[in-house]
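Across the two complexes that follow, subunit A remains constant while its partner is subunit B and subsequently subunit C.
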Partner chain A sequence: MNKVTTTLWGLLVLVILSAMAAITFGPADIDSAELITCLVSNCQNPIANVIIWQIRIPRVLVALVAGMGLAIAGAILQNTTRNPLADPYLFGIVSGAGLGATIANITLADNLTIALPLAAFLGALFAVIIVVFIAKVLQRMEQLLLAGVAVSFMLASITQFILYFGEPFATNRVIFWLMGSLARVEMSNFYVIASVLIVAIVTVFALHRQIDALLLGDESAASLGVDVDKLRLLMLGICAALTATIVAYCGGIGFVGLMIPHIVRQLVGVTTLKLIIGSALIGAIFLIWVDVIARSSLPHAEIPIGIITSALGSIFFLFIMYRSRAIN
Partner chain B sequence: MKLTSLLLTLLLISSSAYAELSIETNKELDKELSKEENKPSIIALAPHIVEMLYDVGAGEQIIGTTAFADYPEQAKKIPRIGNYIRLQLERVIELQPDLIIAWKNGNPSDDLARLEQLGFNVIYSHPLIFSDIAKEVRHFAKLTGHSEQGERVAKKFELELAKIIMTYQDKTVITGFYELWSRPLTTVAKGSWPQQFFNICKVKNPFAKVITPYPQISIEQVLPAAVQVIIQPLSVNQKEREGFNWQDWPMIPAVANKQIIQPDADAMHRMTVRSLTALKDLCAAIDKTRTILQQKHN
Partner chain C sequence: MSTLLNISQLSWQVPNKAILHNINFNVRKGEVIGIIGPNGAGKTSLLRCITNQNNILASANVTGSVKLKNRAITRYSTKEIAQHFALVMQKNDSIFALSVQDVMKMGLLPHKTLFSLDSDHDKAQINLALKKVGLEQALHTNFNQLSGGEQQRVLIARALVQASQILILDEPTTHLDVYYQHQVLQLVNKLNITVIMTVHDLNLASLYCQRLILLNQGQLICDGSPEEVLAPKQLSQVFGLPCQQSIDGMTGATQVSFYLPESHGQNSQFSESLDE
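Take a look at the complex of A and B:
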């Protein structure tokens, strides 16, 4: 077993241990004996039963797949665009989701449970469609990122305009929704995200050699028989669907897609297959623990998860940059 | 920008010091006692709901609330289970309330939907005008087993409100400016809670017709309105709250005549029985301004 394979197996063990440990954290006071009883046999305490099976386990599982999904989306985009700053959020996905959430908050305030994730998902997809359309019109797919930034600002300004003239409390709801949270998730959300994630992983695994060819440059990839624009578009579509699904249920969770692939490259290298597996595992571990911090660090309240991912992520990212500079 | 003004709206409406948690309350015992007396245990998810429940005599049945519920004094001892951004669902489940009273606009709707899905009995508070306070007082009193006291409080509230309206209905209208927030300068318009104070105290709001209920404006828009009185509510619990420096603009009649009124923001912005005292005091202060202006005019 080589070093990379050992690392990946080690990470898998860490994912499993993290998920199990995360179930023990939460504001409700449940002792470990009760927790184990509830997990392996019939729960004696109905309150503990609800907390464990309907609150904590869905949260941990959604953190696991959302962390995997965001990190994979970042890794795919960075490899297919050969841009280290590529991140699903740079394609206007969060701004689009924010616009969708705003419209839902203003017009469908009484049915937000269904309307909000649906509108956010449609908003995110709408943003990506505009970005791709612009890049197509310009006939320069390599300018996807710049188009994404422009669309992002455009959609954000529309959102702010609607909020300014809308119901005052809607602003609060949208702003805090965009900060991200796993508090609202349930098992059905896990099944949806996991399904999209599996489709994404299978597709990327099937096309990993073509994506690797892109790393050599567009011309080299084309000479190897890769339809560069088509592949890039397909990958963008997969990342958009994956991120939009996660954002719809969890709100904005920044920095995971940008940061995790960079960490993984240092551990397992740049080729797509290893990068995707490594990103999925580290992304899952990262988000599971960030959610533990979100729900356990304050005695009477939760911290929006996006605040922690951005705070921890940026510090850790700067540390990695400094370390790689020192090595070089 | 809008975030600031809206945060302030929420904070002003329900602001004050973050109360310390007092977990020592024997929740189980309280719950059993209240159930025995056919008085449900309650989680009240907004400061104004807590106040209303204390008004009808159901304060002791509250087993959990959110941040900023600081009135009356005993409310500071109620365990906290979240804030207006997010509730701690695990804590709510652990407390097993018979009834959850939530604020329609001010609580996270997804958390409330989840609680309803888990089988909790959630009812909503949604006061938009003064008369809604009396309606909700009656409703909450009935739900919590205090109908008699609720009826008394609601009746008294309605009578006093009618009396205030009658006292000021024929008064001369003067022009006023309501400073909801100073940076950015934010005021109120139709559809906002404070606009009612202006309507009853017979004050014309030059920004009443603006499309958004809490518009941000510039001093340039205030100057031509020639406002005769400025209402600058300040919260005693917000130490950093800094009012707009009106003294820099002596050309405004209200500033020249020193007619800047600074009422208690908490009492004004919280939709409870207390807001009637704030209304009464504000109308009286505005009436004094009216008298001063008339004397100057004569």
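Take a look at the complex of A and C:
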């Protein structure tokens, strides 16, 4: 325990340091001395005050909880489906959100600040409900992932159909939204994501032994008194709500849920409690820094964050495949 | 010895086939019972009914009753069932690198509440159970890297942590080398708890079980001591091969040998590859 505990405390310190450091990055120059003055007492420079409290801090905090949420959702899905490649994005959640966002963009173009996240959230939940329904009808909960991939393609094709015939401006908006960005987030987004995150973490902490029992197979878990189907459904619902909330505000940010738990397993272990805490911390650090890259690597422009995570994620994916080939 | 389990008139009918037909027997505390029979005889199905897996007894195809301590098993919650029965299955690999400790902790589950963490007492229990199966050194080893026999022993130790009164094993010796077959069954035999297991190898069953139950095509053919159940005539009928009984010189256990009629005579000894 001691080594694992030390690692986790170390990661927590890194999260805090990363968040502080990330606030100093951006177009306006704010050094760490100024930041600390602004955080602990009153800012001398009113512009710095506004930038720190209204732009940088909300953005870093949303990156923090979004990174935590996506990584945790991946970790939960992987442990409950016993599939190391499970990722919230493979369950059609993002395609569903994309469809919702597309419909909102085409029909409600005037009122997008509220309508877009809401429509994206509903679309994501809709996708998960279809996936679960299909798996239920097939009576094969272990085929959730395949059902997810199928639904994902179906919803994406509907989205593309609508976009193809839709108005070019709306199409542009949707495409940029799907690439993911934290540029427009507000403090209220942080509160919403954080609330869902807390519910998810508390539920997983309550049921961590049940989730662990799944790791040696459904039959083994059932013999230990776990209602396997109910547990899996509950966990899927939680991951869906978590991912849908994040996607609704931040757009498509892929591969975080796949990559982070994989690293955490090597670092602290595979059982649920360690995995969830580790994933939350490393996920937060990861997304905070990816967002720093997104907003500071190009002059006068931002790179959509989803492009960076997908690029890193796909390389990581190939790396995993190469390594597992080397082991076998 | 008091009756722990009572199985009465248990039948499981699917279209055109009786998976189990009118099974009746009692299990007394402390017995080590081996369920034997050819493939498809209903051995694993019987185990599933005894532990009411997936609430199978509530299904319309299943009739009859299973009572644990004079109370219908259907009236126990899944958690209560897990407190009474520990299950050791054939196949147990995990895709993730679980340590032996992680696997052992699963055994605590039926006795734990939501949110609970592991106490020092739990850790002591785990160490004690691993010591009983001779694997106290393996606590931090990767479970997937253990041999089949060691994995079975860890799962038996997990059952001890689970502190259930009845240990159910489904083919515990399949895929194991001869050495581990004997090691695992000897261990099971010495635990001093009630054991019900399906066994493929009749001679191992005879050696390590006090009582055998022979099933064929869903019917209970014979229930008794190894000597009674392994009667050559009966076995020949069930397995479709001529059979001969003998007493092992070393252990005094009843042993049986099968042979195909053609090969008998060519070999004075019985064909090795067809001993089942």
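Keep in mind that, in the parts below, the second predicted complex is superposed on the first by the 307 of 328 C-alpha atoms of A that agree within 3 Å, B and C clash if a C-alpha of one lies under 4 Å from a C-alpha of the other, contacts with A are read in each partner's own complex, and residues count from 1 in each chain.
Heads up, the rule we're going with is that a contact is a pair of C-beta atoms (placed from the backbone, for glycine too) under 8 Å apart; a residue touches a chain by one contact, two chains touch by 3 or more.
The structure displayed is predicted, hence computed values, not measured ones.
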Checklist entry - For the three-chain model obtained by superposing on subunit A, do subunit B and subunit C clash or fit? => result fit
Checklist entry - What is the contact status of A:I130 with respect to subunit B (first) and subunit C (second): first, second, both, or neither? => result neither
Next on the checklist: One more residue to check, A:Y164. First (subunit B), second (subunit C), both or neither?
Outcome noted: first
Next on the checklist: Looking at A:A248 after the superposition, I want to know if it touches subunit B, subunit C, both of them or none. Which is it: first, second, both, neither?
Outcome noted: neither
Next on the checklist: Between subunit B and subunit C, whom does A:A222 touch in the aligned arrangement: first, second, both, or neither?
Outcome noted: second
Next on the checklist: Per the contact definition in the header, classify A:L197: touching subunit B only (first), subunit C only (second), both, or neither.
Outcome noted: neither
Next on the checklist: On the A-aligned overlay, A:V264 touches which partner chain: subunit B = first, subunit C = second, or both, or neither?
Outcome noted: neither
Next on the checklist: If we overlay the two complexes on their shared chain A, which of subunit B and subunit C does A:R209 touch? Say first, second, both or neither.
Outcome noted: second
Item to check | Residue contacts on subunit A - larger count, subunit B or subunit C | outcome: B
Checklist entry - On the overlay, how many Å separate the closest CA atoms of subunit B and subunit C? => result 40
Item to check | subunit C-contacting residues of subunit A that also contact subunit B | outcome: none
Next on the checklist: Under the definition above, what is the set of subunit B residues touching subunit A in their complex?
Outcome noted: 2-3, 6-7, 9-10, 21, 67, 79-91, 93-94, 96, 105-106, 108-111, 113-114, 118, 211-214
Checklist entry - Across the complex, what residues on subunit A touch subunit B? => result 26-29, 47, 50-51, 54-56, 109, 112-113, 116, 160, 163-169, 171-173, 175-176, 181, 183-184, 186, 295, 299-302, 304
Item to check | Complex interface listing, subunit A residues touching subunit C | outcome: 79, 82-84, 205-207, 209-210, 212-213, 215-217, 219-220, 222-227, 265, 269-271
Next on the checklist: Taking the touch rule as given, give the residues of subunit C at its contact with subunit A in the complex, in rising order.
Outcome noted: 51, 53-54, 77-83, 85-87, 89, 91-92, 94-99, 102-103, 105-110, 112, 114-116, 162
